[in-house]
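Chains: A, B, C and D, in written order; residue numbering restarts at 1 for each.
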Amino acid sequence: MINLTVWNEDGCAQNEEVAKVYPDGINAYLAEMFGAESDMNVTKACLDDPECGLPDEVLENTDVLIWWGHCKHERVPDELVAKIHDRVLRGMGLIVLHSGHYSKIFKSLMGTTCSLSWRDGDRERLWNIAPNHQITQGIGDNIVLDVEEMYGERFDIPEPDETIFLGWFSGGEVFRSGCCWNRGLGKVFYFQPGHESNPTYKNKDIQTVLKNAVRWAAPYSIRKEPIDAPHVPVSPEEEYAKSKA
Amino acid sequence: MINLTVWNEDGCAQNEEVAKVYPDGINAYLAEMFGAESDMNVTKACLDDPECGLPDEVLENTDVLIWWGHCKHERVPDELVAKIHDRVLRGMGLIVLHSGHYSKIFKSLMGTTCSLSWRDGDRERLWNIAPNHQITQGIGDNIVLDVEEMYGERFDIPEPDETIFLGWFSGGEVFRSGCCWNRGLGKVFYFQPGHESNPTYKNKDIQTVLKNAVRWAAPYSIRKEPIDAPHVPVSPEEEYAKSKA
Amino acid sequence: MINLTVWNEDGCAQNEEVAKVYPDGINAYLAEMFGAESDMNVTKACLDDPECGLPDEVLENTDVLIWWGHCKHERVPDELVAKIHDRVLRGMGLIVLHSGHYSKIFKSLMGTTCSLSWRDGDRERLWNIAPNHQITQGIGDNIVLDVEEMYGERFDIPEPDETIFLGWFSGGEVFRSGCCWNRGLGKVFYFQPGHESNPTYKNKDIQTVLKNAVRWAAPYSIRKEPIDAPHVPVSPEEEYAKSKA
Amino acid sequence: MINLTVWNEDGCAQNEEVAKVYPDGINAYLAEMFGAESDMNVTKACLDDPECGLPDEVLENTDVLIWWGHCKHERVPDELVAKIHDRVLRGMGLIVLHSGHYSKIFKSLMGTTCSLSWRDGDRERLWNIAPNHQITQGIGDNIVLDVEEMYGERFDIPEPDETIFLGWFSGGEVFRSGCCWNRGLGKVFYFQPGHESNPTYKNKDIQTVLKNAVRWAAPYSIRKEPIDAPHVPVSPEEEYAKSKA
């Protein structure tokens, strides 16, 4: 069972435009979608909840955290970001969606600005360049999104450990739309589609990708102890010599 | 001409043990070594200088920054770290030495804890696994350091973009002792040897590696403007269509 | 159920030295070990079998192939190597053990010489540098092999997509002892330990690694059609425009 | 001085369509372009020359080899391919252009099929995703090619060590249009543009990329001795102990 926490800076539809697509907001929609999976135990959390929806008892029981943020990145307290960052390095999976590229947590895990170029209202074609990967099982060689916000290179990220999707946009741009990194003991997946007023998350292939990603990011275990720099006064070779004596 | 700034948390030998090896401290030794190179213009900087030796007029004219820190990482102000981080992402090269693995600047560029295991007084053998790389020109297939502080895996770093050296330690440990990453427009090289009371930086091969690394890290140019996320309201394809009309 | 074929250039113990450790030879030992796993269906194959143990009906039903070869690499027919290579690119997993680094199949998948330095009779310590990886589940931070043949860098391989183990040898060498690559739709794992007269494969941690590796390498599916270069005369955008008309 | 050999399966314009763009063929055009560089010593070679233009005295003096092939890949003798492959692994740089993706030499260095999808007559936009790289110096953030043959993902290549360009095609496809790999001591750059009847190589930015790529691929040295697997009977540690005695 994967304890999945779905975080969004909004707990409901931000405005009418969004409400037309996701009447109860993106978070409710995603939570319900994941909740239908028998191996996922879903918790919703949002910025305006007490402790931003991520008090210790929630965060410390989260195996995979999904993060969708847009214009309120600065309102996430640095102390919470540090806790999330630490838990990723101890094994928690993190999936960052769309405008979450500019979230504090994604930027601190990447070490770069995570900037990009953007424009509303393009047509997108997501090309699957890793068809043997867990994240792409069950989809074909590309996914068309009739309307999606263009995100264009240069995407200021460290080179991904694995690049899963390359996005094509009708206006002429391309983007590394699906990228995986290892950070410490944790796994991070950035997935570019998901502008709030586009019905992207209703797309069956997109849903398949998201569910696969949660399972990919789920850790075998999460380390309890802090990751420190141990002093090893007796060398392994000394220990070995003693054991043979 | 490469404007090289050599930073150390100490501006002189920290104690007698260090003074026996580097009478004027590591920073003076390194600065003199690099200063002998005709293509390097060297500035020394240390923590106790005004503005930690890195006021804007120095930092904004630095092409490559070398960083050696040990037990005073916390005394480097966050605001300065942010400036250095920003300049790396805009193109400045950064070489992090030895205990600098736990510096604020290295950790923020990596996004991980950068932890490792450690023990004084091993014999080290640095194996060159990238003999066609700029950093390894002029050295052989390994470098022996009679005495060096053991740094052992697991080194909590993101996977290097290039791994240059693997270190062998007499006590039984191994380490990714020379690693390269791209971060934004900048290049980062971490080099593990360099415990303050070991004569490591007097070793001719180690000096060759350091000089090569400075030249490797030197940028073609450093971007002046902040790296932002531009809105591109008129798509490249629209522009193209207009230009053909 | 994973159809696992375990291939060895020998179908029995090559000589007395080997027979002391593996009375029926390495292949029989490994086949029995894997055969105890409920999710593995094991077939043994060796060079002196008809069609080298890999007639089409065996190869075309193999999900993961394990390859141990030593001094008879040249006797594997090029046509068979081409078939194995093709099946890896269509999804079959491949695990190459020890002296298999010089096998035709491994060299053709890597595109390099796969050379290394070597010496019998060192003590080895395998450091686990990817503790969150499927291959390392159930083992600790290092595995000691009292006696193993030293394989030393420079290992002439393409940079691994993932490096899992770094090996330390008592004589002073290091090695990238566990490496993963994607090749086409297939996954390749090279694992350095396994000299024929050392009881390496009897080590419980080594066995755990091998079993994990088989599960890691097992494909979701194996593509039937050749991987060709299709001509796409009607562009996706044309198709899209038609569908909207 | 870089000894550059420019190889093409044709020594002249293959047909009228090509002759309109490159009256003397692509090879003559490229050779003249590179020949204007003061640091390049250019040799032309083509398939119909004696020994395919690459007798030992030419190949053994080549620092960087450029390869453009299209429909005559099969006519390049396997023995010559093996010699070229060996020299790359000993340090020679290799630049593979356009339809050269299906050349024997590129496929043997990659270990994959190098397949892709294709269609003539799209508009291409090459996005520069590595602006701090030697190969992209002097160009902007994208290059437009009015007419170029579409090459589309999935490009069956090993993950590049560095990805330099992502190509956008008007028909809806994307491609990893500029990729770098290390193979042994050599460097390989694949560059997708260059259909024979398109004036791609007349584009100033494309020419800049090609010249930069030659300088990037040029080795510091080329190893004379074969890359073998040396037996090291006396360990480094034994040698060290003796030297201290």
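To be clear about the criterion, a contact is a pair of C-beta atoms (placed from the backbone, for glycine too) under 8 Å apart; a residue touches a chain by one contact, two chains touch by 3 or more.
Only a predicted model underlies this, so the values are computations on that prediction, with no experimental measurement involved.
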item	value
Chain whose average C-alpha position is farthest from chain A's own	D
Winner on C-beta contact pairs when B-D is weighed against A-B	A-B
Copy pair chain C, chain D: interface residue numbering same or different (half cut)	same
Euclidean distance of C-alpha centroids - chain A vs chain D, Å	37
Where chain A and chain B are represented by their mean Cα positions, the distance between them in whole Å	30
Residue numbers of chain A (touch at least two other chains)	125, 131, 152, 159, 161-162, 169-170, 172-173, 182, 236-237, 240
Chain C-touching residues of chain A, taken from the complex the two chains share	91, 123, 125, 130-132, 137, 142, 144, 161-162, 170, 182, 185-187, 219-220, 236-237, 240
Residues of chain D defined as touching chain C within the complex	85, 89, 102, 108-113, 115-119, 122, 150, 152, 156, 158-159, 161, 169-173, 181-184, 227-233, 235-238, 240
Complex contacts: residues of chain B adjacent to chain C	125, 127-129, 131, 141, 152-155, 159, 162-163, 166-169, 172-174, 176
